[in-house]
Each structure stands twice: as C-alpha cells, then as structure tokens.
Amino acid sequence: GCGNGAKKNSDTIVIGCSGPLTGDAAQYGVAVKNAIELAVKDVNDAGGINGTKLSYVFEDDEADSGDKAVNAYNALKDNGMQVMVGTVTTASCLAVIEKTKQDNIFQLTPSASAQDVIKNDNCFQVCFTDPNQGKGSADYIAENKLATKIAVIYDSSDAYSSGIFNTFKSEAEAKGLDIVAEQSFTKDSKTDFSAQISAAKNAGADLVFLPIYYQQASLILTQCKSANYNPTFFGCDGLDGLLSIKNFDTSLCEGVMLLTPFAAEAQDQATQDFVKKYKDAYNGETPNQFAADAYDGVMVLAELMKKEGITADMSASDICDKLKKAISDKDFSYDGLTGTGMKWGEDGAVSKDPKAVIIKNGAYSALTADDIAASTAQ
Amino acid sequence: MALLEVKNLGISFGGLRAVDEFSITIEKGQLYGLIGPNGAGKTTIFNMLTGVYKPTDGTIVLDGKNITGKNTIEINRAGIARTFQNIRLFKDMTVLDNVKVALHNHYKYSTFTGVFRLPRYFKLEKAMDAKALELLKVFELDDKASLLASGLPYGDQRKLEIARALATQPKLLLLDEPAAGMNPNETAELMDTIRFVRDNFDMTVLLIEHDMSLVSGICEKLSVLNFGQLLCEGKTAEVLKNPEVITAYLGE
Amino acid sequence: MAMLEINDLHVNYGMIAALKGISFEVNEGEVISLIGANGAGKTTTLHTLTGLISAKSGSIKFNGVELTKTPAHKIVEMGIAHVPEGRRIFQNLTVLDNLKLGAFTRKDKENIPKDIQDIYERFPRLAERKNQIAGTLSGGEQQMLAMGRALMSRPKIVVMDEPSMGLSPILVSTIFKIIEDIRKSGTTVLLVEQNAKKALAISDRAYVLETGKIVLSGKASDLINDESVKKAYLGE
Amino acid sequence: MKKEGASAKTKFFKPQTRKSFITYAMVIVAFVVMQILSSGGYISSMLTGLLVPLCVYSILAVSLNLTVGILGELSLGQAGFMCVGAYTSAIFSIVTSETIENVWIRFPLAILIGGIIAAVFGILIGIPVLRLKGDYLAIVTLAFGEIIKNVFAALYLGYDSKGVHVSLKSLSNLNLEPDGKLILNGPQGISGTPNDSTFIIGAVMLLITLIIAYNFVYSRTGRAVMAIRDNVIAAESVGLNITKYKLVTFALTAFLAGCAGALYSHNFYTLQASKFDYNLSILILVFVVLGGIGSIRGSVIAAIVLVLLPEMLRSINSYRMLIYSIVLIVMMIITSNEKTKTFISANTAKFKALFKREKVKEAE
Amino acid sequence: MGFLNNLINGISLGSIYAVIALGYTLVYGIAKMLNFAHGDVIMVGGYVIFTCMTTWGLNSWLSIVLAVIACTLLGIVIEKVAYKPLRQATSLAVLITAIGVSYFLQNIALLIFGEKPVNFTSVVNVPSIKLFDGQIVISGETSVAIIVSILIVVGLSLFINKTKSGRAMLAVSEDRGAAQLMGVNINRTISLTFAIGSGLAAIAGALLCSAYPTLQNTTGAMPGIKAFVAAVFGGIGSIPGAMIGGILIGVIEILGRAYISPQLADAIVFAVLILVLIIKPTGILGKKISEKV
C-alpha cells in the first residue's frame, strides 16, 4: 500500500464508488450514483451509523477496463474512501479488485455481475452472478417447457451478456433444450438487428432469449415487429427498464418474460416507496435494477456497520476485516428491494430468489402457469 | 561507345502521342541540349529516361546497360540523376540534409547501426557531412547548409537541386530548365557552374532549356523536338540557324 | 491620382522582413515593371496587392480604396487580376473549367462564351486542349492557361508574376506581344519579370527592387541604359 | 552568417544532440523527483497510479510520431498494435509465470515478445497498405485496429492436458477440460497477468524509446524517411527505396507500441480488448498533434498534460469531459493558428534573446 | 428468400450510412478536412427532432425543418469558432480540433439531455412494403432513406456543377489561394459547405433515429465512423461514391453477420474495405489523381 496521505474527513464514514458518468454506459453509472446518494441520505436521516453520518464519493471511470478505472479508484482513495460500493461495471471492477485486495478495502459491488469480480475474499455482490442467471434462465425455460426451439441474441463484446450466454448454453444443452440460432452483436453495431432476427426467424425459433440490456432489447422488439416475427421473448435483469424508456411503445413488450430480482412496476410497498423517492429526486426518472441494487448495497452496509460498531476514525482495513466476517455470517440476512432474505456466502455471491415476471397490460406481474400456457399456445 | 543511346522511344497518354520515334546518342562528357516548343515532349522524355513513365516503345541504353522499363530507383543506381521543372526539394529538411539524403546509396550503414550509434555511424556521418559540404561549396550554398530548403530563394533552390542530383554520383545528369526564373546574371553564373561540374566531376549533361543565352552559351550539341518528334539535331550553332527550328521554336 | 498607390509597405513572413517599406505608383494605362534578383520581394509585393498575404504596415490604394483591409475576393471584383508565380491553375479541372472560373466574378454571363473564344484565338493551343485536365498540360501550356484565365475577369489591371518563365523563345515574344495588346485594349499592367530587357522594352516605367527595398526607379527607356541596371539585371 | 556556421562546427554537440540530451535529462529529472516525492509519501495514490500509464502513453505518442511526424503518414491503428503487444506479452507471462520465476528475465522477454509480434503485425499490414496515401491509409489503419480489437474480443483460448484450445465463438466451444487453464475469456479478456510493471521499468523504457526515436530520426534511415515524406518523386529520383523505408518506420512504430502495450498489460491484473478501440488511437494521435508534429519532446509533454488533465478536473465531475474538450479545442487553436503562432515564436525569441544576453554578461 | 431478406436488410442499413456519408464526403471534398464531429451533429439533429415532436408536440415535417435549420446554424458556428482560425494550419490540426468538437457536442448533450437513452418516434409515416405474403418486408424508413439518398446525390451533383456557389466550392477544393484570385470568397464558401453538410446531417439524424429508434449522446459516434468508412470505400470526395459506399458497407455488414459470423461482422466489413482499397487505392469511384512530374 502506498501513501495514504489523503484528506480524511474524520466525522463521517466515507463510501466510495466508481462508474461511468460519461460515455456510452453513463446511464448505469448515473443510476447507481443517484441510488447511493438517496440511500446515504436515508441512512443519515434515520440517525446514521450509531450516530455517525455516512458520506459518499463517486468517480467517473468511463466503464474502462484499464488505467481509467484504476485512476478513479485512486481518486476515491485520495478522497478518503473507507468502504467501496462499486464498481458499477464488470470491466472496471476487474481492474480494481486486486487493488482493493491489496489495500484491504471492503468491496460490495451493486451491479458488476461477472463471476470473477468476487473471486477475492473482500469482494461481494448485490446483483446475481452472470452464470447464475444463465443457468437459472435455462432451468426455468426447461422446467416450464416454454419452448422447444430457442434462439439467443447476445452482445459478444460485453462480459455480462456473453457470461450469461455461456452458462445458458451449457445448461440448456444439459437440459435438452434446442438452441437453433446463436446470434450475437457487438458494441459497435448494436442498433441494427435485422440479420440476427431473420436468422432466428428462419431457424423457426419460438423463443428468443435476450441476455442483454433493455435498450438493445427495445430495438429488437421493434425490429421483430416490422419483420413480422412474434416469438416469446425471455430475458434477465438487464431487461428491466424496458417499460420506462421514454416515449417507447410499450405495447411491444407485452408478453416479454424476464427473470429479475427487481421490477420498478412491482406493487410491494418497499419498491413503491423507493421508486417514488427516486422519481422525486431525479426529474421523474424511473430507477432501474442497478439503482435498486445500489440502494440495497448501501443499506446492507449500513446495517452491518451498525452491528459492528464502525466509526469514522477506523481505517479501511479494519473496517474490511470486520465487514467481511459480518456479511458472510450465517445469521445475517437482509430484506431489500431486490430480494428478501438476501444472504452472502464466503464466495461473495448473493443468494436471493429471482422473480419470474411477465409484462402484462404495461406492467410487470408475476409469471403464472396460465401465462405460460398462453405463451406456448401461440 | 556512347554513354546514352536511346532508340525509337515513344509514349502515349490516352489518345495523345506525346513522344514518338525519338532517338538520341550522347557521348561521354558532352553538354547536350534538348529544346523545343512548349508541350513538345521534352519533360516527358526525361520522365522516360528516369523511369517515372514507362515508354511504350524503344530502348534506352546507358553505358552499355539496357535500362528500358526499369524503375526510378534502379535507374538512379545505374547512373542517371535529374532535376525537375517544378522544383522538388525536401522542403522541411535542411540544405545539408537534402544533399546527404542523396548520398544514401554510397555511404551505407544499417538502421541498427544508426539507432544504436555504433562507431561506424560516426565515421560515415562525418564523411557524409564533409562530402555534402564539398558539393554545396561548388554551388556556393555551404554557408546556407543549416537553413531549411524551403526558405531558399528560387535560384538557390534550383542550384540545390543540381547539387542533390550530383550527390547520387551519376554518370549522366539531366537538368530540366535549370535557368527558369533566373535573371541574366544568375544565368551566366549557372553556366559557369554547369561547366565546372562537367569538368571537375567528369559529368555528362543533358539539359532542357528555353533560355537561348544558356543554350548557345554552353551546349555543344542540340536535339530539337516538335510535337513529340525529332525535328533536327546537330551542332548548336547549326541547329539554331535551321529555318525549321526558327519557325517552330525561336521565332523572328 | 494614380490608379494604384503603394505607400511605405512592410511585409513579414513570421520573423523575416520581406518588404521593408516600399512605395510606388501605377497610372491608368501604363505598363510598369518590377525587376530585381531572386528573393528581392517581387512576388511578395504582388501577393500583398491581391490580398493573398497581409501587410504589416503601409497602404495600398486602388482608385482611392484601401486594399490592405479588403479581402482578396473583393479585390478581384474591383478589377485586379493576378497571374501568379507558378501558375496555380486548377490541376484537376479541365482547361475550359479553368477559364470559366476566371470569369467567376463577372455579372455579364452572356459575354463569357465570346471572351472564351477570344482567349482561344490568342492561345490556339488552349483551344486544342480545352477538355484536357489542366494538370497534365506542359509547363508552357499551363502558363498560357493562367494568363487566359486572368483575362477572363476583364480586369482593369493585370498583375503578372514572371509570365515568360519556362516559355519557348517564340512564346516569350508572343507573351510580350499579348501584354502590349492588353495595354492597348486599355488594361493597365504591372509586370514582374526576370527577363528585364524584354520587360523594360515594353514598359513605360520600372522600379528596381533589392532585398525588400526599391533602390531605383524611372522611365523604362532610361533604366535600360543605366549602367548599374545593365550590369545587375541585363547581363551586359 | 559565415562566422556563426564556423562556430557551430566547433561546438561540442550538434544542435540535434543537444535537443535530445535535454529531453533525456527532463525524463530523468522527472523520474528522480517523482521517486523522491513518492518515497516520502508526498504524492497522492492517484498520481502514483498514473506513473506507469504516463510512461505508456508517452511511449505510444513518441512511437506514433515516427509514423505521423517523420514519415508523414496518418495512422489510426496505434491501439491495434498496442493491443497485440499487450495480449501476446500477457499470454506469455501467464503461461511462463511458473517456469520462469525471475521477473527480471521474464518481463523483459515479455516486452520483447509483445514488441516483436506487434512489429510483425506492423509489417503484415504495412506491405499491402503502403500503396495508399493520406486519408486512405488512415482509414485502413483504423480498420486494421478495429479488426484486431474485434478478433481479440471474440477469442477464447486455453490449454489443458490435451493441448491448446482456441475458439472464436464461445466458451463452451472451447471444450476445455475442467482442469484446463483458461487464458483468454472472450470479451472478458485476459486475467491473472502478473503485475510486473513498475515506474522504474516504465521510465527506463521511455528513455530507451526516446533514444531510439532520436537516433532513428538523425540517422541515414531517418533522413531517407523524411525525404520520402517531403517528396516521394524526388526521393525515388535519388534512389531511395520507398517501400523499404516506409515499412521500417511502420514496423518500428508498431514495435514500440507493442512494447508499450506490454508495459500496459502488466500494470493490471485484467485487460479487455474493448479498451483498444479507435478512440484510443485517436487519443494518441491527439498527443502527437498537440505536442507538435515531428517534435518528439512535444509528444511526451502533450501525453503527460492530456492524461493528467481529466484527472485534475475530477472535482468538477460532470463538467469534466466538457472542459477537457474545450481545453483541447482552445489549445489546438492556440498552437496551430498562424497569428498566435507568430506571436508565440516572436515572444519566445525575445525571451531567448534576453536570456542569451544575460548569459553573455555573466561570461564577461 | 432468406438471402433476399438479408440483402434488403443490408440495403436499408446501407442507405442510412449513405445519407450520413454524403454529408461527410461533401465537407471532406471541399474543406479538405475529416470532420469527425459530423456524427455528433447527427445526434444533435436527432435531439432537436425529439424535443420538437415529443416535448413540444410539433408535427414531424416542422420538426425536421427546425432540425435542419438548427444543425445548419450549428455547422456554421462550429466552423467559425473552431475551424476558421485554423485555415492555414495542417489538416491534422484541424482533424484534432474536430475531435475536440466531437467530444464537446457529446458532453454538452449529456448535460442537457441526460445520459439515459430516449426512444425516438419515427418521423416516417410511409407504410412498409410487404412482398411474398409478408415474408419480405421493406420498411417505410428504408424506402424513404433510399429515396432521400438518391435525391441528395442528384441535388448535390447539380448544385456543384451548375451553380455559381457550386463552382466556387470546386475551386476552393482544388486550390484555395488560386480560388481567391478568381474572386471566390473562401470563408463564405467553406461556411456554406459546412451549412449544407450539417443540414444533411440533420436529415441523416432523422432517418437514423427513425430506423433505429433510440437516441443518446453517443448515438452519432459509431454511425459517423461507419459513414466515414463508407465515404472512403466509395472514393472520398465523390458524391455518388458516398452513396454506393454506404450501401455496400451496409450490405456487407449484414451478409457478413448472417452468413459468416455475427461477432466478426465488423471485422469483415473492415477487411473488405482494406481489400478494396488495396485493389483500388482511391476507393470505388475515387479518381486517381496523378501528379505530373
């Protein structure tokens, strides 16, 4: 560890996070940043950590996988970060995990979902691990006999998307599902999906699995419609946000199924409260699942800190040692926006139940046997 | 044996027969002039002699070696150097470096030697500096050696081009309108320089020029080109009296 | 009042002073020569005149209008045409297109074809090559094109920078004849020439430029007999 | 005039030698200062973390300047060469991390391998492409860089008892045995690269790069390359082999970029190919142009300033990149506008004259 | 049938590239600069239309007209502020400034419109054409894009060859100094070029965002690069070349994706580009400019 000669604000406990605030992926970084701000405020309003206030610092890493991510991390350290709720994306996270390990800083990423992110013992995730989602999706489709012929459209240049795809594929094979079309796109060509759609259509796929983000998914839905192709669409948490795209014809989403821990349109009180608070604070924006993950992340931390009696003058390393143990304690569990009874193992992965939801009448609703019957009947 | 023997050279551009059936023989040590109206094809002949254009017909033999159809680099190595009608210097390099570049094929050391500055580098660079300065002195450019070529006045640029051509140590020097843009005094100086070069470097010179004072002052023989074809050739004084040459080219 | 009045003109290239305060004038209908050695500043003078480079100080008045503050394209409209050193023809356009661009500022569209015919008569070679890409013309042909192009704007005054450079003797005579024709047709000419003898022969007056300063001026017929001019510029 | 020429000759150093030695001295001084400061704990983690990347970007800028400034060709593929160097050297280090334990042997080897393979790529792309000029060459180099990036991003590579497995499709197509070792994981890139890069190595590499660059420029080859830049036809007419020298320059640029890539990849545990996109190539070009085309020292200074700038602007977060862009435009205009350029050169000349006079006085 | 479908998809993607490439090539051909900010002007056009239609509820025609006006003005302003001071500078310096402008536009848009992508309502209400019982569908956006790009090609060619301003552009593209000597107002001509180029960018923005209805501050970047590739492919500076280049790039991209490998489709496009340029170093319709020695 190099000189920790940074200014240290001694009366608050400083949470740090880095994520993209500029560039292509800025929306994810901003969502997480907003949610952290909201959560920190909520914690402080409720009396802070045994009286000590929380504060946060957020740095732009442009979702970079190299020096920019490390720069952002170092800037956080210089700003007195004691615990990290980050980073937002896998790319940047992989670039800093060894640093947090060296510096012994506790790291709880809200949204970086690759498996490798949590390979060190000081790193934990709020979101699902990509392979889990891939496996979960394949299992769900197989168990509910949603389809016989499946097409996949994924982003081969993205770790999240190809991570899910890789495990989905092997699990699907194991479960005897028939993947008739494996179509990918890349970061550089993510607006035109005509070739992928026509491949899926020609292969006669009746379900298209979309382990991608909602923005591309919305284009795929639009383009499928104009290509006269109406399969069942199935996706993961990345699809959350579909309904809140400004000015998007949400009727196209009718019948889209997804496995997600969070849905902004869900009717439970906690979600409703959070969504309302978020909308009020940020020009009526609807929070996506990463915002929810980040909110949960801060809340989990606050809970643990209270329990461990963390104070502002503790060193990052001491805090890390305490929180590491506390979070993977068998008795610790947390009920949050993205799941009830969330628990963490020593591997750093979270165990929580994904909800299978379907978009019906412009809102999410839990997936029922009837829905499944209806969709397979088509 | 003649130094340069060109037989039946010809080239076309699209439909235009720019040069046709052109032959010329130049003896070693001669100062030979190529004249003719604008657009007659003089520069085009230079371009074929130096491999810029590939002739469609004919042969070019230099010092007994057939160089027809060879590329510019091979031809330069075989012994022909030239200047250009529209000056082509290495503008962003110093006067000295312009000449040193042309010494390239005579002072060889590898890129590796250069990058790691082995002793050979220092030895050869020193020799090149000396040689280049010696050449520049001939053209009275030695005190401008460290200036950028682009900053030189027009007349000096022409002289530098000749110095650069000489540095490749050719057997035959082609000069394309060396006196263009010079006033009579400067032209007279240039004539002395060309003679000096011929005598002291054992050079053979073929030049294109429209300035009759230079042509009649230094050329021993002339070929006159008109519409791509040889109009006449012979001793300078005689050619300049030829009535056909007078009507086609000289006027009055 | 003279048509063109240049007063104490200074021009710099970066740190280098190319013109160090020159003054001269050109009257309507005259042919004026500027002579001088290489690098004396002749081209620089003409470039400043037509606005291609800007003056450091001094003034240039054309029929009373200050040119140093006028943008180049306005200067052309006012009736000054420039045959630049090195020709500067449009390399990738045809001969005809080049001539048409010469008439760019003209409002009398209907007369343009006739003027093109006139140019073709003066330079028959251009008529033969009217559809050739100008960049592939021989040097002499390009010079003819540059002159023809300048005349297409029907200027009040033509400034010419070494128009005889690279031309065959017969064409040099032609060019000087054309210059005389031009002056006869009422156009004023400001001529920069290395061929001082010929230039002086057709000029009314001349100025001698040396390293950015005018060192001598007077009637052309006087200068041609001046010993120092003879020695320095006429090669006698 | 004459006098000056004579006295220049008697001077011990040629002006170019002086120029290069000043640059070396600047790098060494900067290195020593940073070392002292960091050992005293006076610099922030951020600056400490930036030291190696600063060396990397400086090397990249200097090497690109050889192609852009000395050869005069616009290349937008620098990131591609860097990517090749970064990946191949990292693969080498991962594979050999157990067999060659001595870092001082392994890492230089890795850097060399990265550089050499990148140079091979440089030649491969160079041969067909050198017929092209200007913007056509630029687009082809950009295309080449994008191809490299896309292929590496799609590449899965691993080895097990049965040998090496490669796939361009997906992890499962790799058919790796459970005990196998995965080296390249498609878009997730490469991970587990030993962190061998240190500031010392970076600074030494930068110094070597500068020496190579300066010596190259002021050698027979460099002169030939500049002649080609200034006038191809004239260069041919004095017998220069155009293709050869273009290739040599291209290969050298690629080699140095590859070495920089190696330094870069060994500064992180993981690396993804998406990093090496055309934006990175453009960024490096920005360094070169802003530092002054053909000015090697300028490249280094511009690289350092422009890498530090956005980091310095962190406190204004959302306006950071906006300000950066404005600064870039303004700097470009100041350094390239005729009027401001004359103004600056006039004033630096005055300043220098003043300085000289004082020196003379001192001497007296 | 599948092939036909892919071909049509390729043409529809390509026709969008073509419209963008036309603006690119115009500015390049005349101002002799690679305007890297062109793609971002497209993005601005998209946002203007979005604001007009969605926020203010104007109709699509009016919105397009407003966007064209806005982008034209923007083009002129950018030219005046950022490029004009660099008239005498190297083209590389101008290129870097253009990159600065590109960053500037992206980040200013980020501040104004936020980081979240918005969904764009298509400005096209031409019905799609269905062939073979709907097995092949040509969307309205595609037909419009093709027609628009043809109109632009014809319009620009006529403008350049037949009008006085057009001839001024030709002269400026050849030799600025000489053009000045002909009485051409260089600044005005370059401004006009930027105005037209940016106006075309607004139209390209309308078409791009209609066909692929999502819009964020980086929307223009990648299509800008692809269009640059298309312009070079067709022979940069050549107006019909830009159109042909655009369509070919689109078709190659889609066919590559469909028949070779979706992951490597971009790599394939670039590889084909390299191949074509090796065979024909000035692009498909680029004229070979040989230098007379």
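So that you can tell them apart, the chains are marked A, B, C, D and E in the order they are listed, and the count of residues begins at 1 in each.
In this section, a contact is a pair of C-beta atoms (placed from the backbone, for glycine too) under 8 Å apart; a residue touches a chain by one contact, two chains touch by 3 or more.
Being a predicted model, the structure only gives us computed values, none of them experimental.
Novice: Once the contact rule is applied, which chains count as partners of both chain C and chain E?
Specialist: B, D
Novice: In terms of touching chains, how many steps apart are chain B and chain C, taking the shortest path?
Specialist: Contact-graph shortest path, chain B to chain C, evaluates to 1.
Novice: Could you tell me which chain lies farthest from chain D when each chain's centre is the average position of its Cα atoms?
Specialist: Checked the centroid distances; the maximum from chain D is C.
Novice: Quick one: report the Å distance separating chain A from chain E, using the average Cα coordinate of each chain.
Specialist: Result: the chain centres lie 36 Å from each other.
Novice: With chain centres taken as the means of their Cα atoms, state the distance from chain A to chain C in Å.
Specialist: 74
Novice: Taking the mean of the C-alpha atoms as each chain's centre, how many Å separate chain C from chain D?
Specialist: 50
Novice: Got the chain B residues that touch at least 2 other chains?
Specialist: Correct list: 43, 52, 84.
Novice: Note the residues in chain C that touch 2 or more other chains, in rising order.
Specialist: In chain C, residues 136 touch at least two other chains, as defined above.
Novice: Could you list the positions in chain E whose residues touch two or more of the other chains?
Specialist: Expected reply: 107, 110, 263, 266, 291, 293.
Novice: Which chain pairs here would you call touching?
Specialist: Touch list across chains, by label: A-D, A-E, B-C, B-D, B-E, C-D, C-E, D-E.
Novice: Provide the residue numbers of chain A that touch chain D in the complex, in ascending order.
Specialist: It is residues 2-6, 21-22, 58-60, 64-67, 70-71, 73-75, 77-78, 90-91, 94-95, 97-98, 114, 116, 156-159, 162-163, 165-166, 169-170, 173, 182, 186-188 of chain A that touch chain D.
Novice: Could you pull out which chain B residues touch chain E in their complex?
Specialist: Spelled out, the residues of chain B in touch with chain E are 43, 47, 52, 84.
Novice: Within the complex, which stretch of chain D touches chain C?
Specialist: Answer in residue numbers: 342, 345-346, 349.
Novice: Which bits of chain E are touching chain C when the two form their complex?
Specialist: 164, 167-168, 170-171, 174-175, 177-186, 287, 289-292
Novice: Using the touch rule from the top, collect the residues of chain B that touch chain D in their complex.
Specialist: Those in contact with chain D are residues 50, 52, 71-73, 76-77, 81-82, 84, 88-93, 97-98, 100-102, 104-105, 107-109, 111, 113-117, 121, 124-125, 142-143, 145-146, 164-165, 167-168.
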